[in-house]
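Chain IDs A, B, C, D and E follow the sequence of writing; residue 1 opens each chain.
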């Protein structure tokens, strides 16, 4: 096994092994646990960095393992995969730091961090999967490893949320499996191919392919929280904040959106999909989700619920960009995969920090919190403005490309959707900012436990500042070589190659 | 009609009677009896296939099979009866709960 | 001596004899070496089959039709591995189980049980031998004897639990088992009367569309369905499997029901295939579907862990029978055949692990009421983990063995245009998730303070975990067994997607 | 577990009684009779059977009685497993609760002078008959199973008449007697393979003797097994109280 | 094809009748006794079919030993209070002390 074939496996192992070891640690061995976690995360970032450099220089990293007769498990680092692996690897490190601080002193931490690492492993697998079978294997692994995290607290409410989560995700994966097996029956074994792998199929199978497309999108749409399959996401808010951050920014939702990208671009191919006539319905569905999620977010008082509905809305930007024909919208959709992750994780870090430090769970309790925790709220503000699409933040780049792409494609209604969505984003984020910065504190905070020299435990504060900085950086330096935008352009260019 | 056909018919008759008794009778001892009668029915069918008329020697293979069958039957019967006695001692009944409930 | 084929039968029989004669301590040595010997012989046999195709062994040198022949093809070998590996790990588990059990008023018993647990070993060895004999025999009457051997050993093992429930369950099991054997025996008599041979291979060339053959097929199938506990003939299974001692439950659910299924497979596809109309397979398939639904729904309604697992067996048996309507066409027959048999394999590992894990929890708590298992994830994390991994296989999620089986069956269903069988597989998987998570969510519930808990031997947890891991990872090593299954299979050809141009 | 018997009753699964069910059952049985009879009448009048094969090889089998030849040579594997079934029945009875002790429980023999004398006279005769049946099996009707059954009947009679103490199967030699037949059979089955033969392939020249050896061992074991099966459950009530000590004191 | 004597016909008719009595007769004790008779007559059938080996085994094991086992079991059931649970109509052949608890 050469280095090039080993690398994708090593990327998985760098979180799998620490995860498995952590299960067997005793509860009080928190130093060993943290060390293992951080070591795994750093090693992973290093490995991903090497891979990133290699892929940029057109090296091929690929691992195969025969799984079924005629079907291999294939892990391969392509440009799209690198986008998600880099995002996940980076955010895993900051989330780990955040989680260590957040969960300090609470029970079952070995279990938590064990599943946490497995969850990241599954996400890496999803990113590197090079055919639908491999994608499905890790997609399911993700379901199974996130369930214990969702019900981590063990309260009746958490158990109920876990049940909802399972009902949605398992039903989704059942549909997905059906679609995958069927597609293999129709098309034979194939790998992800830029520009699509199905265009050789004649018109007699187009009817079947329509159904299969619907099945696949429904399957990945559950995790991507496309309306009406989004029901689990707000409920899953009972999970601890690091889990929410993971669900929304790094793993689950992202896996679903990533699946949409893979299915449209590399299974069907955007041109073939457009010929089939499936892109417009998908775009409509995404638009519906964007508006619906935003509308629901406006009326939520619970901060995490508001953020959850915001995710429902924002993730569909990706699907919208992907489903709109034209390379510019594609760039917007793909780059939003990264941008949404960075922005949303910042928001969740801040929400978790507020809850942990001051016991704040609702927007109405945030009066004047900007004075008490200015750094946290600065981070929050940066991310929120990014979400709204204020330049030069990351979100602006996404929306810009989406908008230009819509114009290019002659789909004016998308502009309207984007505008409405931005207005709604402002409608649910600006009041928070107003409350936090400009209102006076109503009295004592519910429970105040600052730890350390800063306004909050540094492990809770630092991650949000780092990611907030990234929100600005990805916007400001969008045109540099290693920026997400450059990668997105690369991917889109290959997809639209004649 | 020859002896083979006659005893085959008797065999299937015994099997049916046994099966009917097995299903209809709640008492476990009777179920065991019924199983034995079903077994005898199968033996009769097999033995009839061995019959090749009064002049020719019969086929010894079915005879051996039936001998084996008889020994298997007695083993199963002895075991079933021992189990039945334990159930009777433990529950005071010699039938299965769902049968007596009816 | 390269006749490896006989030793999987002879060795456990010899070990059973010796273990009765020897003392307790010697018995362990005997059983241990017997296990090693069986694994060795099986490895030899596998190599032979792999290299030279199906193996035959003419017992006593008397060629069929006069004598009896042993026959091993890929299917037999896979089944033998299943029973050997699962059986051996159950044996390891039983070491801990009975050590834990003796001297205390533990699990299932009324307090009067105890030293008859030493009978577990000879009975278990006899059961093992009976399974292996059944997987290797190529003579329909000899198969009848092995069926009886298997049935009696199974019932005797159930009764080891003592106690009223186990006795009654054992009796119900015994009666069902005997009735099934007798029906099979009647079929044998009719087949001999019509065809004049007992050898499976010769029979397959002589059966014709004749009333007596029809009848033989019908009664043999019914008898074997009763023994396999296919809905609606499953009534005896849940009480017997739930009330037996845990290692016995594992043996019965994982292996014993598979034996009669295996026999049915052989008869249908290798003896009667010429005379069976396709509609017959559809009937079995429909019963399988009903079993999946009925078993799952009842599993969801159980209050006791072991009953839940037992009803899950009723449901999982249903999957095996989805094979019958699908294994017909040329393009997808191989996928259905491999999928069905692979499911038997995966279910054996998963279900044994599940019963073992359930038994461990029961041994620790003294009961198995579902709603009082809260916090088990903290008390017995390994067992809970084993249960979860086994559950993943039952749900058919990757990378478990259950996933591979489901994929292949689904593939066959879609390929044959009978997508509704595939839909049932999917629904069944979701229902399985329902009852598995019913248990798993208890693991995360907070641990009540006042629960009495007895420590259990570590070996029990480890044995269950190894089987569960095997079930979970079986999908990653599916190629060798799937290739083996093709050797001597009625449907040869590319599997799954390879079948397409 | 014992505290919750209700939990065990499966939902709506039983054999409901009642008049209509019985009528249905009767209907089913009659239908069964008709179907079976139809199949039976359709059987070929001349079943081909294996009789020619048996007679062609009979001279190589080592015995003259074709049934014995089939039972102990041509299809000896069946018989081997069948002895296994017998043993399993004994183990099964032992595995039941209250029968845990290796050895039969003690019951109440029917002692009486007439029976005593009768059995004293009969017992030797039955041993002779049993032995004869065993030996004649090679040539004429008879064999290990029949001989063993006669010996077992003698054993039961002897016990019933209180002439001899109960067998105590905690003793190694008694277990040996129980397993002798099976062990011998199995040893021969595997032993002949040492020279490169097949399972249960007796050396042609020695076939008669080997069969006699197996049958002799089997007769002893079958007698023991049958006696044990008969005694298996006797005397459950007394055993708990005075049974054991009383009888041991007698000796 | 001849060879079907009156005796064969008689046996072939009597045995099912006996079997019916065994499974459905009113009294369990009588059923057991009839079962032994059934076994002996079956042995006669085997003799008629020129199978003395089987006849011998049937008489010794099928009728003799099984019969003894059945009688013994029946005795034990009786000794434990009530023996013939399904014989509600009262049994002439001595269900001694025949209390029948409600079933």
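Assorted remarks:
Just so it is clear, a residue touches a chain if its C-beta (ideal position, glycine included) is under 8 Å from a C-beta of that chain, and two chains touch if they have at least 3 such contacts.
All values derive from a computational prediction rather than experimental measurement.
Shared contact partners of chain A and chain B, listed by label: C.
Apart from chain C, the touch network of the chains falls into the groups A | B, D, E. Comparing mean CA positions across the assembly, the chain most remote from chain D is A.
Comparing mean CA positions across the assembly, the chain most remote from chain B is A.
Averaging the CA coordinates per chain and comparing them to the mean over all protein CA atoms picks out C as nearest. Between A-C and B-E, more C-beta contact pairs are found at B-E. Once the centre of each chain is set as its mean CA position, chain A and chain E turn out to be 77 Å apart.
One inter-chain figure worth recording: chain B and chain C are separated by 28 Å, centre to centre, where each centre is the mean of the chain's CA atoms. Once the centre of each chain is set as its mean CA position, chain D and chain E turn out to be 20 Å apart. The multi-chain contact residues of chain E, meaning those touching 2 or more other chains, are 1, 51, 53-54, 57, 61, 65, 69, 72-73, 76, 80. Touching of two or more other chains is recorded for residues 13-14, 36, 39-40, 43, 45, 47, 49-50, 54, 67, 74-75, 78, 82, 85, 88-89, 92, 96-99, 145, 226, 229-230, 233, 236 of chain D. Annotation for chain C: residues 141, 145, 148, 152, 155-156, 159, 163-164, 167, 190, 192-193 touch two or more other chains. Counting only pairs that meet the touch rule, the chains in contact are A-C, B-C, B-D, B-E, C-D, D-E.
Interface residues of chain B, counted against chain C in their complex, comprise 8, 11, 15, 22, 28, 31, 35, 38-39, 41-42, 45-46, 48-49, 61-62, 65, 68-69, 72, 75-76, 79-80, 83-84, 86-87, 90-91, 96-97.
Those residues of chain C that touch chain B in the shared complex are 141, 145, 148, 152, 155-156, 159, 163-164, 167-168, 170-172, 174-175, 178-179, 182, 185-186, 188-190, 192-193, 198. Chain B makes touch with chain E in their complex at residues 1-3, 6-7, 9-10, 13-14, 17-18, 20-22, 24-27, 29-30, 32-34, 36-37, 40, 43-44, 47-48, 50-51, 53-54, 57-58, 63, 66-67, 70-71, 73-74, 77-78, 81, 84-85, 88-89, 92-95, 100. Those residues of chain B lying in contact with chain D across their complex are 2, 4-5, 8-9, 11-13, 15-17, 19-20, 23-24, 26, 45, 49-50, 52, 56-65, 67-68, 70-72, 74-76, 78-79, 81-83, 85-86, 89-90, 97-99, 101-102. If you check the complex, the residues on chain E that touch chain D are 1, 51-57, 60-61, 64-65, 68-69, 72-73, 76, 79-80.
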